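Note that subunit A is present in both complexes that follow, paired respectively with subunit B and with subunit C.
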Partner chain A sequence: MQHDDHHHHHDDHDNHFSEMQARVKALETVLTQKGLIDPAAIDAIVETYETKIGPRNGARVVAKAWTEPDFAEWLTRDATAAIASLGYTGRQGEHMRAVFNTPETHNLIVCTLCSCYPWAVLGLPPVWYKAPPYRARAVIDPRGVLAEFGVTLPESIKIRVWDSTAELRYLVIPERPSGTEHLDAERLADLVTRDAMIGTGLVSSSGDVR
Partner chain B sequence: MNGPHDLGGQHGLGPVAPETDEPLFHAEWEKRALGITLSCGAFGAWTIDESRHARENVAPATYLSASYYEIWIRALETLLARHGFVSAAERETGQWLEQGAAPKRVLKAEMVPAVLAAGGPCDRPLAAPAAFRVGERVRTKNFNPQTHTRLPRYARARIGTVEAVQGSFVFPDDNAHGKGENPQWLYTVVFDAAEIWGEGADPSLTVSIDAWESYLDHT
Partner chain C sequence: MTTPDAISPLVLSPGLPKSREGDPAFAEPWQAEAFAMTVQLHEKGVFSWSEWAEVLSQELYGPGRRADASDYYDCWVAALSRLVTELSITSRADLDQLTQRWQEAAEATPHGAPIRLENAPGR
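Up next, the complex of A and B:
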């Protein structure tokens, strides 16, 4: 029974996906016929977010902030310019703000009204970030949300949730884990996860926490 | 508008359910949806605020059950019809049936790197000084417009503290409806969870929004 339900659910899911596939295909076809879009531009956009713009950008920002106090200070003062100095600019990163986790405060980013996300440093948002449960709960029950990511913070730590209601895009600078003093910026960047830069994760010295 | 998009604080929507090793796209059509949406945005026929409002107007039951790329596509269909680029009949048949509107530009593949790297900054200079200062207590407006706004319901008629004056930006409540950019000062306003959620609120929690000046009153 359980298996059948599961299977049935997948059929619905697949049917819906093929319905959307047809819907999007029809739109692309007519737009192309009318000369309004260039299918090669679509390929170029997809390739950009598949290969060039993703969380590795943000991880390099974080590692540089951990290893260069002047850069961390620049991030605090003018995150857009500091991040642009690494070549990360543009769409959904035009107005950046960096928020630093401390031993006292943990930061969490959400967009309750839509899906605002710092594309220039983190790439495209994950499905859960854009979906109703996260958007509903992050502002009222962040500890419950964090628990679903396997993150439990002591009650003594304050939680600050940033709702991205305008065009400012937030990047969390997680705390540098202890035991990483010997690592250079490139190795440190390997430890920094996407979720840690949203605030739904922490960075561990072994890189095993999402 | 008090639409299905204004989700902060709603209950009953289930677990967040992060995926392990989540793929960047879950189907081929999602890739095309991303590219088509960005390509059509490049027409210059509508603003990001108008496109957000079109997404908010997806029917609530659909909005809450759709993936975000589906919401994008449904809103894009609305925008393409509204601005005369693709009619409903053309969309349904996938055939060019009528001469439509002409875009300001068509995004070609060779333009993509520069367009993505430039983005669409929406800070605008403003001669008038900011009305509120850092550290000031402010009360958010209580309003329920049927039109676009970026003041979420959970943060209306609440007292908070101005934490930062962020500069002056295009005002989405006007810009979404073709009334001009009408820039205003933007503030980060932080609230104690108890002010928003009342009894039982997490005492360790504060929540901030970025609020345009006209959303705020002096206390």
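Up next, the complex of A and C:
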């Protein structure tokens, strides 16, 4: 759903915890009450990993799209199935849509109301993605937000903002940088950053963050 | 903050999914939370590495595992649940009841609002 469509699904349903999510919360409640764990320390440990793990899955999806036109076409048509074919599936049955950057259009994903995020391909959301400033400003002033991430796009490039929901989550397929024609999919995946797949970064041929 | 280096014994948990860099790999946030809680309990000396590995192995080698091992952290949570009840930190019944309360709290919380245990309907 593109943001200016204003077809929010957020209000249509309440939250749901899977058996595992609820059990982990129950354990956390008991162990915190007993003074055996510190929730802040749990968050710190979780954060240690959140930037490292999940995005590798997404990077492989991007690299495959860059190197296999058939896969890119499948990804365009049915991202949920194409991504599932690599073994990356959300446990909650959420649908995926891949949005492709082009020389004319840059895509940016956000969840304005909470922090819906394509976990299966990007892992855990970064802290800033969950924070109110990004959620509010990504829609109102995407160009300004991108500039703060060090991404300055020419005025001629249109920015599309996609608002994630619990049912539909987005993955940005960044443009393949020039000068990478000799690289195989595995090497290409190493260049693809988490931010590039959220839309707050671009992919460079040298593998720099920006 | 706890560094990954400080938690090495648990990273040696049998069959732990890992990234190419050797870090634990998680598909969803609850898996990382379960992992992190176990790390803390171990650091506090609530159980030893060998006690943990024993219980986790029993869950991992039990019947009904998925062929693609995507239920690894289901086993992890089952092992952690068992260990905390065996150590009399809580009872199975209390843990089950609290699990259900959390599910009720989630259902009763509008999407986008933080889910809190107090949101569960009174009984």
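Here, the second predicted complex is superposed on the first by the 153 of 210 C-alpha atoms of A that agree within 3 Å, B and C clash if a C-alpha of one lies under 4 Å from a C-alpha of the other, contacts with A are read in each partner's own complex, and residues count from 1 in each chain.
Basically, a contact is a pair of C-beta atoms (placed from the backbone, for glycine too) under 8 Å apart; a residue touches a chain by one contact, two chains touch by 3 or more.
None of these values were measured; they are calculated from a predicted model.
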First, second, both or neither for A:25, with subunit B first and subunit C second: both
Which of subunit B and subunit C A:107 touches, first, second, both or neither: neither
Partner chain in contact with A:56 - subunit B first, subunit C second, else both or neither: second
Partner chain(s) touched by A:163 [first = subunit B, second = subunit C, both, neither]: first
Which of subunit B and subunit C A:139 touches, first, second, both or neither: first
Residue contacts with subunit A in the superposition, subunit B compared against subunit C: B
Contacts of A:95 with subunit B and subunit C, given as first, second, both or neither: first
Which of subunit B and subunit C A:193 touches, first, second, both or neither: neither
First, second, both or neither for A:155, with subunit B first and subunit C second: first
Intersection of subunit A interface sets (partners subunit B, subunit C): 17, 20-21, 23-31, 34, 36-38, 41-42, 44-46, 48-50, 53-54, 91, 113-114, 120, 123-124, 166
In the complex with subunit A, residue positions of subunit C that touch it: 1-4, 7, 19-21, 23-30, 32-37, 39-41, 44, 46, 68, 73-74, 77, 80-81, 84, 89-90, 94-95, 98-103, 105-112, 115, 117
Touching residues on subunit B, where the partner in the complex is subunit A: 5-11, 13-19, 22, 24-29, 31-36, 38-40, 43, 52, 55-56, 64, 67-70, 73, 76-77, 80, 85-86, 90-96, 100, 103, 106-109, 111-113, 115-123, 150-152, 154-155, 166-167, 169-170, 172, 186, 188, 190, 193, 196-197, 202, 204-212
Complex contacts: residues of subunit A adjacent to subunit C: 10-31, 34, 36-38, 41-42, 44-46, 48-50, 52-54, 56, 87, 91, 113-114, 119-120, 123-124, 166
Of all residues in subunit A, those that touch subunit B in their complex: 17, 20-21, 23-31, 33-38, 40-46, 48-50, 53-54, 89-95, 112-115, 120, 123-124, 126-128, 130-143, 145, 148-149, 155-168, 195, 200, 210
